[in-house]
Every structure is written in C-alpha cells, then in structure tokens.
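Chain IDs A, B and C follow the sequence of writing; residue 1 opens each chain.
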Amino acid sequence: MPREIEPSLNEKQFVLQALQEKFRLDGRQFDQYRPLELTFGDQYGVADVAFGKTKILAKASAEVTVPYADRPLDGVFAIATELSPMASPAFEVNRPTETEVLLSRLLEKTVRRSGALDTESLCLVAGQKCWSIRVDVHVLSHDGNLIDTACFAVVAALRHFRKPDTSVEGGILTVYTPAEREPVPLSWLHSPFCVTWSFYGDRGEIAVLDATWTEEQIRVASCTISLNRHGEICQISKLGGTPVEAVALLQCTSIALTKAKDFSVFLDKKLAEDTKKRNIGGFMAELRSENDR
Amino acid sequence: MATAQPLYVLPGDTIDPSLIPTHKKLPLRLGPGLRHIPPSAIVPTVAGQLVADHKKNSMWVEYNGGRYIPAPNDLVIGQIQRSAADFYFMNLTPFTSNATLPQLAFEGATKKNRPQLASGALVYARVVLANRHMDPELECVSSSTGKAEGLGPLTGGMAFDVSLGLARRLLMARSREEGKVEILELLGAEGLAFETAVGRNGKVWVGSDSAKTIILVGRALRETDDGKLDVDQQKKLAKRLIREMK
Amino acid sequence: MPLDTSAYSLALLRVDGRRWNELRRMHAQIRTQAAADGSSYLEMGHTKVMCVVTGPSEPGPRRSAVGASGGTGVGGGSGEAAQAEVAVSIVIAGFSSVDRKRTARGDKRILEMQSTISNALAGSLHTHLYPHSAINISLHVLSQDGSLLAALINAATLACVDAGIPMTDYVAACTAGSTSTYAAGDEAADPLLDLNQQEEQELPGLTVATLGESDRVAVLVCESRVQVSRLEGMLAVAVDGCKQVREILDRVVRDKGRRMVQEGTIEKGVGVNDMEID
C-alpha cells in the first residue's frame, strides 16, 4: 500500500542543524505560535480554528437523552474526534490510528476530566432526562500540532454554544425554540488550553512550540501541557520518547502558562466581538412588530 | 503564442476549432490536461488555462494544484525509499506507488562502481518512462551524452514543497518573462549565495553553506507561492526578507 | 468514599501509615517464566503485575488486519524498520480491582498506556541494533492499587533486562501527589511519594519515569487538576522516588545474577557474564 513518505535525510539533517543554530524553517522564534485565526459560524457552537495551515472545525450540539444509570444527576458530555482522509491520506475511516487515540484521550482529559463543563447543570429531571452535549472535531487540514488546535477549537465551540432554554413544571419538561426563548450558554467553569512542546537533539535539549508537520516528524519527544488562565494544570502528558531534563520541563510549563493566558485573552475578545455582532439592532429590533416585507 | 486573452476551460468543454493550432509538417501534440477522443474531438480533462504553441504545433492546459503525474522528460526530485538488486525504489509524491531508478543510470556508473545511496536520500532525476498503470522510470544521466548534466544525488541543503504551478513556472526557460517568478534572481542579486534544483513534482531543493540563507530562500518561495505574488510584490518581498535577515 | 485527609496534618502519617517520602513495599522477581525470552513479576504495594517479553524476533504478520485495536504502539521509527518495533499489550485481569469491570477491547486509556510504555522503552532500548524485528512486551495486571502505569513500566524494564536486550539504562517509574486538592491554595501542602488507589482518586498526582540515575524524564503524566506552583515539588519528589526504584530494580537483577552464577544455571547467559557481581 502506498504510504506517507518520511522526511528525507537532507530535510532531517537540515532542520536539526538549523534548530541548533536557533533558526526555524518558517523564521519563527522557538516559543512562537503560528498566526492564530478563529471564526465562529452562523450557528451557535461552530468554531473554525487555524494555526497556520492546520485547520480544525469543531461543532457543538445538544439533545435531550436519558442519563446513565450510575450517574442520574449528571448530563452526558462527549467529544468525538475522527481524523478523516480529508486531512491526510494516512488517516482511514473507522480505523483509529495512534495519533487519533492519543488526541481523543488528551481532549478527554483536558476538557472533560478537568471539569471544564459543569455536567450537573445538564441534568433536567433526575434519572430521567438530561442534556447530552456532543462536540465533533473535524480536522480540515493537517500541518502539525493537531492537539493544540483541536483543544482550542473544542473550547471555543463550547464557549460559543447556546443550548435551548427549558423549564420543568409539574414533571413536564418543555424545551423552547429559539424564537420563544433566547438559548442559554452552557455552565462553563474554566477554559483549559493545550500547549505542546516538541523536543529535538540527542538529549532533547531543544524545545520548540507549535511544530509544523515536518518538524513533528523529526522530533524525538513531545510534551503536552494543558492549563487554564488561573494557573491550574489540567493535564500533562509526555508519553515516552527521549528523556528530557526535569528542570527543562518545569521551564516549559511556566512558558506554557503565559501562552495559555494569551489564548484565554484572545478567545474572550473574539467571543465578545461575536456577541456584539449578533446583537446588531439590539433588543428593540427583536421587538419590532413590522417586518421587512 | 497564446491568445492575448487567457482562455480558461473546464473539463468536458468543447474547444473552439479556431484555437487548435495547425501546422504544415508537424503533427499536433497534446500536453497535460487534454484528451483526444477519436476521430477528431479534443476535450480538456482538467480546469485551467488553455495554452497553444503554434510554432511547435502543441497545446496543453496550465493548472495549479493536484498531484504530480509523471511525464517523460520532466525533471523531478525523488527520495530513495529502498534499494533492490539493480534498482532504487523512489518516491516522487506521498501516497503514490514507487518510481524506479536503475543503479546504473548515474554518470560513470558500472557494475562494480555505482553510487551507494541510503534510504531517504534525495536525487535529482529525469523521468524516462511514464506510462499509465506502470511505475515510472527515472535516470540521472543523459542517455545520449553519458553525462550527468546536473542530475544526481543532492547532498546537504533542504527540500521545500511548492505548488506544482510554481515548480513549472520556475522550470520555464524564461521563468521571469513567461513564468513571472523573479524571486530567486532577486535574492541572488542581493548577494545571497545558494544553488537550487527544481523538481517538477513540486519540490525545490536549496543548497548553501549558510542555514540562514536556505531558510530565507525557502520562506521567499513559500510566500511567493501562498500569496500568489506578482513580480512587483516579489521585489518587495525580497527586500523585506533581506532586511529581516540583517 | 472520600479520603479523610484531615488526619494527615496532625500526625503526618498517610492512610496506610507511611510518611510523605516513603515508598510502599516493593518486591520484584525476574526470569519467572521459563518459556519466555524475558519475564518479570513486580509488586508495588498491592499493585501486582507480570511481564513477558518475546524478541527481538522476526515480526509476525502485519497486524493491520486487526487495526490498532490490538493496540500495539509503534516505538521509535516506523516505515522500513531500520529499528526494532516495540509492541506492548496490556491485559487487565477482571479480578484485579474491587469492582469486577470488564475492560472494553479498544479502551483508549489502555491504548494510551501501551503507547506510553512502548515509546518510553524505545527511548532506552537500543532498537537500532535489531532492524526488521519486533520486541513484544505483554503485561498482565493481576491486582490494582494505584500507580499502575509506574508498576507496568518497571515490570517491562525488568523483563527487557532479563531478555538481554541492550539498553542505555533502567527506565524506573513512580508516582507522586500532593496533600491538598487543587482548589485549596494552601502553601503548606506536602508532596507525597507513591500513591495508592485511595490517594490516587482523591488527590492530584503524577506519574514520572526517569532514565537511570539522571534527572531526565522519559514519561510525565498528570491527569488531575493541580496548581502550577505545586508541580515543582511533586516532580522533585517523584524523580527522587524513581532513583530509589532504580536501586531496587538494580538489586533484583544483581541478586538474580549472583544466584544464577552460584547455581551454574546460566543457560541463556547473554549479558549476565558481563555483569559486575558484587
């Protein structure tokens, strides 16, 4: 079966040599991200995130289901990642690669297990009805650093998402359409962001942020650190590879914290802009009785 | 020459017979993107710009993108995948079947003395055979003169990926006038010392003693490609990159 | 049932009576399985695991048919296999924990552990000496009481030593935690070494594996929320713990080597002859 080509010897040697001379292929600093772009869709809960040429779309959706029997007071929250052949022919449908398993585990640990979404708030009628929130992650283009991009997209989509308003009266659940009642945001507790370091050199002494696909193929180890702006680590994973000095890892963590704070500020700004844009005309426009026709 | 107004075609379009070049002696040659359906229909198979060369009595469709399809006499940069008894198996593009490069198709190679190339090494080669349903065959030596003529293993340096369109424009005999790419000349004129090899399969190899220079040329190529820069913009880009370097 | 951490500050003793920097009892054996190239049995407190290594040998039929569900992480380089592939599989016995839960085949947590162990060992094993071959490591979890990943890594290291595969140094692993939960910002929080199941569920913790006696970290996994400021202390304690673990592993290997020399039963012999016997 034809498959992906590994980088050639020339490329491997050159990237390493350049890194040792403190250069990166695209002229970035070692701790510099590629330009970050974030656009929200027309619908609530659609976020399109791009770091350079890596592009990921995340869509959040909600439906009413029955809660799990062992957790009657919790809602259901799932993140679905599927790497399709659209991103790279190396990915096949229905056959999860190692990359995909690790990516979905990381998102799970970063967003779900860290309690970013208050799942108890999703409960409607204890043991009978709850919201099921699902985020679908679609990789549109793959040029390295899927993890950070995917995590940003998931968080952005969930923060942007509005679920239909509901009320329970006398055991009867009513779900309102957006026309009847304005949809409500999710109960969001904190926003974690992933920051991935790639290590190079025999002893992993060179650390680089936001590696491109070429750089990713050459790295000897990587470490993903998830943090929120309050300085809480949600998850760290350095899954094997060349060992790296413990002190260097601590430094990486503190730089990662500043990056996570930057992301947080950026996302807040974009969300505020989006809210403003949606609110053109304001409340009075909604109340107007005559229409354009 | 091509018509003054560029003509764009879509797959399956009918081509106006007046556009098809005619020549007294030479037979009509069809380039990439055109298909001859007997008896006399010519149909484009890709979307792009229709170009006709009346002197050579040939026509083809210029397009940018898609995967490289080997054609005879193309210069390509391939990567050695593995070595067999008499052949090297080469990769030209990811996710395609291999091309073969006979181990004797190098300048001065004999049974006893032939280049030993490790897997992953880059080779600048010419496509000799390219048939459908067959692996393409490459060579690094001109069969008529027996000389390498610049082909052979590429040592050091860095290979950058560019779009097929840019690679083709860089390979044009007069890349500046016809291809509208001047960036390499501009950088050279600014005093950068580097050498390049352009592969039709969308790879540009850049060699230099200084890593900084290689990176700069690579960035210049990428930005020219991504931004679809015209000649004036390329001039600005060259100036800006040189300034950044200093 | 929530862990009562309030008692800790009074007596500075943990639920099982250990101090903050004490490892649990660690016991290990190597060459437990006669039929295997390398094998080991390891206990860290009540966490008990077994490991069997086969290889380096010719790789079996490509496992692409089963897909990644077989869960073999590919360590080191892939492709045309200039290096040996380190394939790890983990079986968690149904009786290993209190609630008898069946683990699904494609459990991502297990796949992640497999890939972690495979990549961690590939960093230490000299896989480049065995092109076109595979090293199969199969791990069996017999009993779980916290620090599972650490125990698995230690057992796999021991089994690889027994199999006589050249490696840079031991990959030794252990866990560390912190006495207060993430929300409390109290500065007095003590780091804890080697968490058991109860502590692992209630307190923030991390798993660290280091290479030999150095401070170089091969694996660092943290799955709970914790303040950044707490990381340094936890990491320091864990790295220190790894050194203790390395000593224990080293003693196990040397003891076994000595006994084998005395009994004259070194039929495999590879690597044991060169061993410095004290």
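Details
Note that in this section a contact is a pair of C-beta atoms (placed from the backbone, for glycine too) under 8 Å apart; a residue touches a chain by one contact, two chains touch by 3 or more.
It should be emphasised that the depicted structure is a prediction, and the values quoted were computed from it without experimental measurement.
The minimal number of chain-to-chain contact steps leading from chain A to chain B is 1.
Nearest to the global CA centroid, when each chain is reduced to the mean of its CA atoms, is chain A.
Distance from the chain A centre to the chain B centre is 39 Å, each centre being the mean of its Cα atoms. Annotation: 51 Å between the Cα-based centres of chain B and chain C. Distance between chain A and chain C, defined via averaged C-alpha coordinates, is recorded as 30 Å. Under the contact definition stated at the top, the residues of chain A that touch 2 or more other chains are 3, 6.
Multi-chain contact residues of chain B, defined as those touching 2 or more other chains: 81.
Among the residues of chain C, none is in touch with two or more other chains. Only residues 3, 6, 95-98, 101-102, 104-105, 108-109, 113-115, 203-204, 221, 223, 227, 231-247, 249-250, 253-254, 257 of chain A touch chain C when the two sit together in their complex. By the touch rule above, chain C contacts chain A in their complex via residues 67-68, 73-75, 77, 79, 106, 108-109, 111-112, 115-123, 182, 206, 210-211, 214-229, 231-232, 235-236, 239. Residue ranges of chain B in contact with chain A, taken from their complex: 79, 81, 91, 94-97, 118, 120-122, 154-159, 205, 211-212, 214-216, 218-219, 222, 244.
Within the complex, the chain A residues that touch chain B are 2-15, 17-18, 21, 23-27, 89-90.
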